[in-house]
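Quick one: the structure is below, questions incoming.
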Amino acid sequence: MMEAQPIYWTHYVATCLFALGLLGFLIRKNAITVLMCLELMLNAANLILVELSMRTGTPDGIIMVVFVITVAAAEVAVGLGIVLNLYRLKETVELDAFKSLQG
Amino acid sequence: MKELFFIFFSLYTIAAALGVVLAKNPVYSAFSLILSFFGLSALYVMWGATFIGMIQILVYTGAIVVLFVFVVMLLDLGSVVTDHSHSWLTVMVSAIAVWFFSLLMLRTFNHTPLVAPATPLAESNTRLISQLLFTEYLWPFEILSIFLLALIIAIYALTRPDAADKRKVHP
Amino acid sequence: MTGLEWIILLSKLLVIYLTIVHVVPIMIWVERKGAALIQDRPGPNRVGPFGLLQPVADALKFLVKEDPIPNSVNRVLYAMGPFMTLVPASLIVAVLPVGDFFEVQGKSYFMQIADINVGLLYLLSISSLGIYGILFGGWASNNKYSLMGAMRSASQIISYEIPLGLAAVGAVTVYGTFSLREMALGQEGTFLAVLPRWGVFMQPIGFLVFFISAFAETNRLPFDLPETEGELVAGFHTEYGSMKFATYFMAEYMNMATISGLMTTLYFGGWHLPYLTDATLLGWLGGQRNLLAVLQFLIFFFQSCCLPAHFRLGALDGAAFPL
Amino acid sequence: MNTPLILMVLLPLAGSILNGLILRPHSAKRAGVIATLFSTGSFICALLLFFNLLQTGTPVQISTPWFTAGDLKLEWGLHFDWLTAVMALVVTGIGSVIHLYSIGYMAHDRSPGRFFTYLNLFLCSMITLITSDNLVALFVGWEGVGVCSYLLIGFWFEDIEKANAGIKAFVVNRIGDAGFLIGIFLCFQLFHTLNFVDMSAAISKLGGPGTSLGLWTLTTLCLFIGATGKSAQIPLYVWLPDAMAGPTPVSALIHAATMVTAGIYMITRMNFLFQFTPDTNLLIAFIGGLTALMAAFIATSQNDIKKVLAYSTVSQLGLMFLALGSGAYIAAIFHVMTHAFFKACLFLGAGSVIHACHEEQDIRHMGGLKKYMPLTYWTFTVSTLALAGFPLLAGFFSKDLILYSALQGKWGFLLWGLGSGASLLTAFYMARLHALTFHGEYRGHAHPHESPSVMTIPLVILGIGAVFAGYLGMPEAFHLLPDYIAEFLGHVVKMPAETEHLLPELTAMGIATSAAIIGLGIGYWFYLEPKRTEGLNSIMAPLRTLFANKFYVDEIYGFILVKPFKQFSLFLARIFDPNVVDAGVMFPAKLARMGGTALSFFQIGSAQFYLLVMLLGGLAVFWYCLKGALV
């Protein structure tokens, strides 16, 4: 088992993961990549959850992670469904193409 | 020895995540996503949560990323080479914003007082988790199952083949 | 980890992995012989006595032949494809409970390479990674048919993974643990006084489901749709030349081997012979724990090898197969 | 004794409501009879109260709480003391007579009902004015009278000039009323009460203005402005001549006897205040004198019979104010009474003349009416002589009293000169009027006839009044009759301190009578012979045109006041309003639209851009909240 690993190490990792995910989420134009970055963010959260739950000995964190994973799976399914439809609509998955709600 | 592994896997995961973001081709980003998930599950296992590590690979890598790859391949998006991102300005601004955001997050993480670090989970957590899952967290579990059922129906409705014809593809 | 333990670990690795690797050519040989027998033709008998060396010849051929890489192919993934199927297949071997334990200088070590308490889960998740090899292979070779072939086989594997998993869960509930080693131990002796405590007799239906989905997992008859269709020619690996093709081929058979290994652990008593408990065996061998370990090793492999035969037999009466 | 007091006030009101709202009679006869009955009823009540006052000697007082505002607790009080008695008798008496007269006058008018309603309403408001025991109730009556005068002047509103005359009267009165209001506010400010009795008590307690003389003078000045508005003095007299547009009984009642005297009554009622402000009194005297002289000058060259009488009223009022200014309140009230009689008689006479000549008002088209209308002629002559101040007639006594009282103080001689000049001219133009209308041959083309008895009886009554009214205030010098009016009003008005007069009383009286006789002589001499009239007109031609055009006062007013006012409002409408007000209103609207377009710049459609902005916003909030903790 991990001894009292300096606490901020995992946090750094998780934050970096989350930051990268968020960055990708904001920057990338391709819908699929955006969804992947979303997954990345979720996993960063999972990492923190697992690390803290193990560190404090409470199993609830792990349970949370289980739920997060199932919901993430659901989310991806719906996301991809939508992307599929978008693709059918406009032949492309570029997010910029979908500007119909422009102000 | 353990710290070494820990550091290695962390760096490995971050590198993979970077790959996801920067990859030109969605397939490559999917591939690096898989690698990052491996790194993550390694971290989980090193933290002792073996069950979650395995679930991570089984569910995430085994199923979700497959979905991604399926869609990418079916829609033949791979060929679209680069689509990088918006104008330089937006990239810069978002980078700064994300950087600032992570700083704040770190700030809060490091300053949240930890509950007394009780003894780490002794016996294999799979047993413990399953017990908890069916005693204390029964309700969420059941609701989740119904949720997944609804999901399946929704997905089918969303991507019905015949409905597609009605929504003719118009440029 | 002292030096000794390292050596033992390495030796275990070497022995088990090489056995698996060697089982593959034998299986190939047996299958070709079997198919020939069915089609009433002699089968490979040119090379070596009864064509035993034929697989070796094939292997040599593959190694030597020039490895063409089509130009419009996505370089990286094309190369990665075959290995992505081979790696998971070989990884699974680490978990198989080959034998009980043996002593060296008074310390007892497990025969298995690694006994982790989430063994079965590990096995399932790693096996599900094989799909990527096929997918990437098919997609990277950049021709529509190979892509279609890859898609079909991938979807087939995924869909059959679920029944496989459920059957495995059945086994878990019986043995009460994920760790394969305990499962194997659990199958010693007899129950109901008559039948040996093998999984088969405890969960016949579970075994049946597992058996069928195992076939699908490895694209064996009658589930080898990806290759046989006219337009699909050789399915996802049409574009692959020698070595890569060989790896795909090998990976496929290794998959078969490991799946059958899993089957023996779950249903055919790991390293237990029916009615003969370890104690009695030990008695016969005069308390030589190591000898017993070797014997268990042999039994395990004997059982896991003869199962592919069943595979083959199954293939024989494909039509009447009680699906 | 309370009921007759209440009755006196409410009877005319009842009459007007009956005529106006309930019965709405169409025939002049029925409406006239009802109106006259109600007004005579109130006259009888006035008589009862008068005799009661004579016997008991105590004024009747009723008051009901009216409203309280801050520390001002007001009661609506009816109060009948000596001063009110005199005025009430004059108002109700002459009012009833004129009601009787107007039955005949309005015989074939289209809407007599409406006329009598207004007439009764006027009478009621005049009585409330007189019987009120505090300034606010007085002001109510004051306004009521103003309204009724407007309604009556503009009675034939189809005719645009008459309607304009009505409006002019009302507007000018309003200006005066504004001054009056300010006066009331100042009174309250000074004495914290508006009730006359309390006010006089407060003043006597204070014993004089002391430090705040300026403030007291200002109060009295404002009150005087109100009076000039109502009683047509120099600045605000322009409305009275135009008020002749109304039917003649109206002019008789309102512009001769009652309303115009309201100002004088108010000042006399407030004499306890005016005593302490010598400068205002001087101002009043001067304005009175000037008005008298100027009006007399204008009257000499007027050709409309009613205009001449109107200007003569203005000048007589000037005389009354002269008296007030010099402190002779009793003389002023006495002159009010006598003037009411003969002026009403003159107006009614003029009315019957106009009636006879079929609405002919220009005296140049009349003449020689003596033969046709003997009764009107005789009453007219008596009143003319009384007005002119012919000895032993009403005018003589009251006018001499005023002129004699003016003879004091530094400016005594100048004031006296103004007054006697005015009375000389009065005699002259009255003689002119009398000669032109009744003597010589008839120049009009109608065929005049004597008015019906219902019109001539009031003439006779008023004629008798014109003769005998004077004997009430016989000066001691004659030692014939006690000076009733003096001791009667002595209860209310403190006699002015006996200052030495510049001339002995008898000599002053002698000069005045000689002036009257000379005036009459010249007048008759010139105007009886048409030949001599042309000679006189040609000599005085430039002066005559000046007087005829009323010193161009109306034009001057128009130029000074009306034009700039129009100009300013034009400016407001054309320039100020569109640019400043509209711009002010439109500006926020424009602002909103601009804001809208500015913001729409951000709606570029890309979802990720929105996400970025959201993130930035989140960050800002996050950072702001944690600012404390981060540090």
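Every chain is named by a letter (A, B, C and D) in the order it is written, and numbering of its residues begins at 1.
Operating definition for what follows: contacts are C-beta pairs under 8 Å (C-beta built on N, C-alpha and C of every residue); 3 or more make two chains touch, one makes a residue touch a chain.
Values in this document were obtained by computation on a predicted structure and should not be read as measured data.
Chain centres defined as mean CA positions place A nearest to the mean of all protein CA atoms. Compared with chain C, the chain whose C-alpha mean position is the greatest distance off is D.
Centres computed as Cα averages put chain A at a distance of 5 Å from chain B.
The centroid of the Cα atoms in chain A and the matching centroid in chain C are 35 Å apart.
Separating the CA-averaged centres of chain A and chain D is a span of 96 Å.
The distance from the centre of chain B to the centre of chain C, with each centre set as the mean of the Cα atoms, comes to 30 Å.
For chain B, residues touching at least two other chains, in rising order: 51, 55, 63, 86, 90, 94, 97-98, 101. In chain D, the residues that reach two or more other chains under the touch definition are 606, 608, 612, 615. Contacting chain pairs (ordered by label): A-B, A-D, B-C, B-D.
The part of chain D that touches chain A in the complex is made up of residues 600, 602-608, 611-612, 615. For chain D in complex with chain B, the residues that touch the partner chain are 606, 608-609, 612, 615-616, 618-619, 622-623, 626, 629-630.
Residue ranges of chain B in contact with chain C, taken from their complex: 27-28, 31, 34, 50-51, 53-55, 57-58, 61-63, 66, 69-70, 73-74, 78, 124, 126.
Listing the residues of chain A that touch chain D in their complex gives 22, 25-27, 29, 34, 95-96, 98-103.
On chain C, the positions that touch chain B within their shared complex are 74, 76-77, 80, 116-118, 121-122, 124-126, 128-129, 131-132, 135-136, 139, 147, 151, 154, 158, 161, 178.
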